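The chains carry the letters A, B, C and D, assigned in the order they are written, with residues numbered from 1 in each.
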Amino acid sequence: MHKPGRHFLQIPGPTNVPDDVLRAIDHPTMDHRSPEFGDLGLRALSGMKWVFKTAADVVIYPASGTGAWEAALVNTLSAGDRVLMCETGHFAWLWHRLATRLGLEPEIIPTDWRTGADIAAIAERLRQDDGHSIKAVCVVHNETSTGCTSDIAGVRAAIDSVGHPALLMVDTISSLGSIDYRHDEWGVDVTIGGSQKGLMLPPGLSFNAVSAKARAASDQAALPRSFWSWDEMFAANRTGYFPYTPSTNLLYGLVVAIERMQKEGLDAIFARHQRHAEATRRAVNAWGLEVLCRTPEHYSGALTAVMMPEGHSADAFRKVVHERLNMSLGNGLGRLANRVFRIGHLGDFNDLMLAGTLSGVEMGLKIAGVPHARGGVGAALDYLSGEISATAAKAAA
Amino acid sequence: MHKPGRHFLQIPGPTNVPDDVLRAIDHPTMDHRSPEFGDLGLRALSGMKWVFKTAADVVIYPASGTGAWEAALVNTLSAGDRVLMCETGHFAWLWHRLATRLGLEPEIIPTDWRTGADIAAIAERLRQDDGHSIKAVCVVHNETSTGCTSDIAGVRAAIDSVGHPALLMVDTISSLGSIDYRHDEWGVDVTIGGSQKGLMLPPGLSFNAVSAKARAASDQAALPRSFWSWDEMFAANRTGYFPYTPSTNLLYGLVVAIERMQKEGLDAIFARHQRHAEATRRAVNAWGLEVLCRTPEHYSGALTAVMMPEGHSADAFRKVVHERLNMSLGNGLGRLANRVFRIGHLGDFNDLMLAGTLSGVEMGLKIAGVPHARGGVGAALDYLSGEISATAAKAAA
Amino acid sequence: MHKPGRHFLQIPGPTNVPDDVLRAIDHPTMDHRSPEFGDLGLRALSGMKWVFKTAADVVIYPASGTGAWEAALVNTLSAGDRVLMCETGHFAWLWHRLATRLGLEPEIIPTDWRTGADIAAIAERLRQDDGHSIKAVCVVHNETSTGCTSDIAGVRAAIDSVGHPALLMVDTISSLGSIDYRHDEWGVDVTIGGSQKGLMLPPGLSFNAVSAKARAASDQAALPRSFWSWDEMFAANRTGYFPYTPSTNLLYGLVVAIERMQKEGLDAIFARHQRHAEATRRAVNAWGLEVLCRTPEHYSGALTAVMMPEGHSADAFRKVVHERLNMSLGNGLGRLANRVFRIGHLGDFNDLMLAGTLSGVEMGLKIAGVPHARGGVGAALDYLSGEISATAAKAAA
Amino acid sequence: MHKPGRHFLQIPGPTNVPDDVLRAIDHPTMDHRSPEFGDLGLRALSGMKWVFKTAADVVIYPASGTGAWEAALVNTLSAGDRVLMCETGHFAWLWHRLATRLGLEPEIIPTDWRTGADIAAIAERLRQDDGHSIKAVCVVHNETSTGCTSDIAGVRAAIDSVGHPALLMVDTISSLGSIDYRHDEWGVDVTIGGSQKGLMLPPGLSFNAVSAKARAASDQAALPRSFWSWDEMFAANRTGYFPYTPSTNLLYGLVVAIERMQKEGLDAIFARHQRHAEATRRAVNAWGLEVLCRTPEHYSGALTAVMMPEGHSADAFRKVVHERLNMSLGNGLGRLANRVFRIGHLGDFNDLMLAGTLSGVEMGLKIAGVPHARGGVGAALDYLSGEISATAAKAAA
C-alpha cells in the first residue's frame, strides 16, 4: 500500500540516515587499492578513535554488528575458556549463545531485564575465581531490548577491586555515538560497535576498539579465525588500507557521518539524547504507562521500552501504528515478546521528530484501544520547550 | 550552525520532495532529442492532463511558476486588453502587477484578504461590461498568502450567467494536486500550475492547461512572445518533444511524482489534505488563536494562515521556530507582513509529520512568549486518531 | 531495450553531469526565503561572475537557455528596434527568429555556416548606420550547430572602430566554461549563458551578465517584461535572494559545479577542451572526412561538426551509433540536416572518454558503411599521448 | 588533484556500479523486521538462485567476499579436516592460507599461475585417497589474479570418476554474473560469491549457494561458527528475513542489479563479456605483449592479465595510467607483483567503455616508454565492429 509522507523509523536502530550520508554512499565505488583510498581509510579509522574516545587500535569490519561480537571473542579467547556475561536482556543473551556456539564456556549473571548489570555479583563471582579461569567479562553497555544501560566504569572498578586479570569486553552497538562512552578512560579491552545506530549509517559496518592488553591476549588466543583476525587488519590499517575488500561505499558514508558528529560535538549529541529520553519518559508517565527500566540510574538515552498494560498485545499495538500511522516501533524480544514496545530516539533526531514519534504512540494507543491517559505528548512538549527557554534565558543572562 | 535531524519544511511550498522523486532527478541527463526522450515527454504530458483533469492541451515550461502566469497572459491577450482580477491576497496582487507590467489594463476586485474571490462582484462587473472589453477573468484558486480558496465553478457560473465571453484563467500553483481542481468540468480556459507544491518536486517546472477557446484566442493575441509561445510547444509535444531545451532532470522527477499520485489517487490525496487542514484549525482554535480565513467555505486544504495576537511579531515567532526547532514556517506577505504565519500541510505529508509540525508551533509559541492556550496538538491528535478509528470501524462493519 | 554500461552523451550539450553535482541536486528542497538560502544565492551569483569574468551584474533565471536570449532583448530594447545579427548557423538563426517574434527588426549578416561572424561586414553595416538606428549587435560566440566560434573581441573592436553606440550581446550558451570568454575585457553588454553545457548541470538555469550600459538601456527599453525583468532581480540578489521562486535544487548543483571549475581552473579547462578538439580534428582528418568549420581560427573547443561524404545520411549513421554503440551524437540542424554529425567534447570530459567517443564514431562509420580510412582513433591517441609526454618532459626538465 | 571526467575503474572488481543501483542504495534504511522487508528479502534470495542457476539454498551475508570463503569452510568441516585446493593464483593461495588459519589441513595442487586447475592431478590425488580423508575439493572458478578460469564441470567429473565423496566448493567471486556458471548442473556443493564484480554492486555482500549434500555435512561439521552459520539463516530466510541485521541498503541495490541482469539475460551478459575479452586479447597481441593465461580454453571473460616486457615495471606503468589518464588497472599479486597488469572488463560495461579502457592502456604504454607496437585499439575496434556488422547481417538475412 502506498503511504504518503516520510516513514518514522523509530526502532532503536537502524536509525534515520541523514541525507548527506546517503548521498555520500551514492558515489561510484573506487579501487580500494588506489592511492586515494588510503586517505579515506585513515580518516575513517582516526574518526572512529575519536568516537570511541581511544588512542588504541580500532578495527572496521565490512560486516554487520553481530560479526564484531564474534570478532571480540575469537581474537582473544581459546576453546573452553570461561567468560562471565551479564544477562541484561535479549542481546546479552544472544551474545551468550554466540559464545557457547564458538566453544567457550560462558557463565551468565541474570537480571530481571529491567535494570543494568549487577556489578556486585560480578565482583563477587570474580573474587571466587581464584584460579583466574575467567578470561573475560562481557557487558552490554546499552541493552537494546530493554532500554537499560550498565555502568561500565563500575564494572571496571569491580574487576580491579578483586585484582582479577579478566579482559573487559563491552557491546556498545546501540550506545556508541548516542550515550557517553569512554574506551580508554574506563579501561575497556574490547569495545564492539556497529554502524546503524548512533553513527547514522545503514547496517553493514562493525567495529572493535582494542586495548594493548587485548592485543596481547590475541597472540595466545587459539580460536580459529581469519576474516575476523586483528593482526592483518592492524598491519594494513597503518596506511589506511585493508587486508581484504572493505565496504567502500559505507566508508564514504562513515567519514561524512563522523564529520557531522564532530560539527555537533559528542557532548552535545549525548545531551540531546538524554533530553529526548527524559521527554519520552515524561510522556510515558503521563499516559499512565510504565517504563520497563525500573532503576533511573540505568535509563537509556537511546531508547525507551514501554510496558503494555496487562492483557494488551504490544504487537497488535505496533501493527496499528505501522499500518495507520506509518511508524515502525521496536518489538519486545525474547521473554518480553508482545509485552513491551520500544521507542528509538537515537541517531539523527530532533525535537519535532520526537514530537511526531510520541504523537504516533499516543494516537496508536487510542486507536488500538489501549487504556491510557491523554496528554503524554503535551507533557513532552512542556519539558522540551521549557528546556529551550531555560537555555535561552541562561544564554541571555 | 549544525542542526541534527530532518528539517521540517512547512512553508506552503516548496514542499517536502519524496526520496524517490529526488533520486529520479539524480540520474544522468539524457539527450532531449533522442528516441528515448519522446516516451518520457509523452508520459509527463499525459500525466499532467490527469492531474489537471483535462483532455485539453497541457504545456510544460522549463521555468518556475511565475513564468506560467506570464505565459497565460501573453499567449491570449494584446497590449491594452482589459482583464478582471480578484485581489484575494498577495499572489493575486503580484499577478495583477505582472499584468500591468506586460501592458495590460487589469482591474482588480478587492477582498479583505480573509476570504475567497467575490463572485457576485465579478458577475456585476461583467454585467456592466456591455462592450466585452474585458478579455479575461483571472482568479487564484488557492491564495498561498492567506489560505483562502476561491470557488472556481462559481466564477464560471458567474461569467456564464451574464453571457460574457471573457476567458477564465486560474492560478492553481498551490492547489494543484492538493485541492480538488477540474480544468474541463469547471470550464477553465487557462490553468496555471507549478512543480514545487502538490506535485512534490523542486521548483523549476510550470504548466499551462489550455482550452480550445484559449488556443483560439492565442491566434489573435498580439503581445510579443517567444519562449512562452504555445504554438511551437503544441507542435513538438505531439511526439513528446519540446521546441527548446526542456528541464530534463525535473521531468524525470515529474513522471515519478505523478506515478506516486496515481498510486494514492487524487481523491485520497485531496481527502488527506482536508483532514490535515481540519486538524490544524482545531489546533489553532485550541491555542486560542485565529485562522486568517474567516469564511469556512474558503478554508484551504493546503495551508493555514494564523493571525498573531495583537502586539506580537509573527516574524520573531518564526525566527524562534526556525532557530530552536528546525522548522520553516511561511511568513506574512504584503499587508500581512509580520501579522500572520502560515503552516503548509501540503505535498508529501502524513499524520506524524503534521503532529511534529503542530508541536513545533505550540512549542514555538511558548518559547517566544506568545499568549496562547496549551493543547492545540492534543486537539489535533484527538481529531486525527478519531478519524482513523471511525474509518476502521466503518471498514470493519 | 536494455543497454549495458554507461551511455556516451556526446552531443554538444546537455553534457555529462558529474556525480557530485547530481548528488548535490539530490538534496531536500529548502525554503528560498530562509536565512540559509541567502548564502547559497550569494555563492551562486559570485561564482557566476567568476565564470563570466565580470565584475558586473549577473542574473540567474530559473529557466532554460532560450529564456536568457529573450531576457537579453526584452530588457534592453523596444518594439521596432533594429538589431544586427550574424547568421553563423542554426542557433543564430533561431535567435533572429525569436527577435522577430518579439517585435524587433533584426537584420542578419549571412555566412556559409562554416566559419565565424563576418566582422568586416558588421563594421561596414554599422558605418552605414549614421542615425544609429541599430540598437544592438548580436553574436553567437560558439555556434553549436556548426562548431565555429566567432571573435568577440574583434566584434567589439569593429563596433568601436566606427564609434557606434549599439549594445553588444553575445550568446555563450555552448562556450561558457568551455572556451575562453571575457565579458568585461571584451566589452560585452549582455552575455547569455545556460547551465547544461560547460557548467556541467542539467538544463534549467540560464544567465545574463549585464554591463552598466545595458543596465542603463533597460531603463528606456519598452518591450513588455516581467519574469525576465532585471530590475527586481538586481534588488533581491544583493542579499542572495530572488524576486520569485528560484530553481533551488539546480542552484545546489551550480555551486558545486563552480567549485569543481575553480579547483581545475578556467585556463586548464579551456586548454583541456582545445586539446580534445585538436585530437578530434586529427581523427576526422585521418578518417578522410571533413570538419565543417573551414577556417582554423574559428575552430571550436567545445564540439566538432563533421561533414558526411556525399550520398550518405548523417542521421542513418547516428542511428547506428545510438542503437549499436550506446552513444548520442548531435544531428545536423536546419540547412545542415542529415549532412553533418556533431561530436560534443565539452563539459566534464577526459582523454579516455574522448577515446571511447572517437572509437564509437570510427566503429559506427564502419558498421554504417560510410567510406572512410581506418586510424582516426589511433591518430587521436598519438596526439593525446604525445602531448602528455611532452608536458611530463617539460615538468621534469 | 582534481581530475575532470569519469574515472575508468578497470580493475577486475569492484566494478562500475550502474546509476540506478547506486540510487537504489541511496534510499532510507528500513526496519529489517517490518512486514515490507520480507518481500525485499525474498526477492533478493530468489534472484540470487537465478544467478547461481540453482534450486538449492542461497545464503546472503552482510559481509564482503572473504567472509563467504570462511563460511563455506566452517559450515562443512571440522578441525584437522583435509581439503584439496588448486593453486591457480594468488586468490587460491589466500583461500588456502585462510583454510590453514581455520585449523584445516589443506593440500594444494600447484599450477604455474598461467592456466586453470589441473583436473588430472585432482583426479589422481583423489584416487590415492582410499580412506576418503579429503573432505572437500576447493577450486577458484575465475582466478582474479591471473585471468585464468577453471573447468568446474571437469572437476566434478574428475571427482565422480574416482567415486570420491568429497564436497566440491567453488569460488565464483569474480565470475558470478560475468562468466557462465551452473551450481546445480555442475554438481557444486558450495559456491562462494561476492557483490562487487559481476553483480555490479559495491562490496559488502557475499553469498553461499549450498547443495543438500553440503547442508547435510554442516550437521556434522565441528568448526566453531555463529555469524557464518547456515542453519539460522535458512530458518529465517524462508520468510525473507535474516537472523541478525542484514545490509539493508545493499539489498536494495541487489534487487535492482538482478532486475537489470534479468532484462539483459545471463546468456547475453556472458556473450558480451567473452566478446570484450576477445577484443582485449586482440589488442594485447597487436601491441606485441603477452596475455598471462597461456591456455586458450582457460581465457577469462572477466579480466585479462597482461605480462610486462622484461625489465619494465607494471606498477610504474599503472601509476602513469592512474595519474595521467584517470584509470585504475589491476596490479600483479603475489609472485606476479610488478610483472603483470590486469584489465577488468566485467560488470556494467560496453564497447565504448572498453575502447576507452584499451586506449588508456595503449596511451599509457607509450607515455611510460614500454616497448610495444601501435594499433591495439584499432585491432579491438575492428573486431568489435566486425562482430556488430556480422550480427546485423545475420538479423537482416
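Quick notes on this structure:
As a convention for this text, a contact is a pair of C-beta atoms (placed from the backbone, for glycine too) under 8 Å apart; a residue touches a chain by one contact, two chains touch by 3 or more.
Since the structure is predicted, the reported quantities are computational estimates derived from the model, not experimental observations.
Homomeric contact chain B/chain C: same residue numbering on both sides for over half of the interface positions.
With A-B and A-C as the two chain pairs, more C-beta contacts join A-B.
If each chain is reduced to the centroid of its CA atoms, chain A and chain B end up 45 Å from each other. The geometric centre of chain B is 35 Å away from that of chain C, both derived from CA atoms. For this pair, chain A with chain C, the centres built from the Cα atoms lie 54 Å apart. Touching two or more other chains at once are residues 6, 16, 23, 26-28 of chain B.
Listed in rising order, the residues of chain A touching chain C in the complex are 19-20, 23, 26-28.
Against chain A, the residues of chain B that register as touching in their complex are 2-6, 8, 16, 26, 260, 263-264, 269, 272, 324-327, 348-353, 355-357, 359-360, 362-363, 366-367, 374-375, 377-378, 381-382, 384-386, 388-389, 392. Those residues of chain D whose C-beta lies close enough to touch chain A in the complex are 6-7, 9, 11, 14-17, 22-23, 25-35, 61-67, 69-70, 74, 79, 97-98, 101-103, 194, 196, 202-204, 223-227, 229, 244-250, 322, 328, 331.
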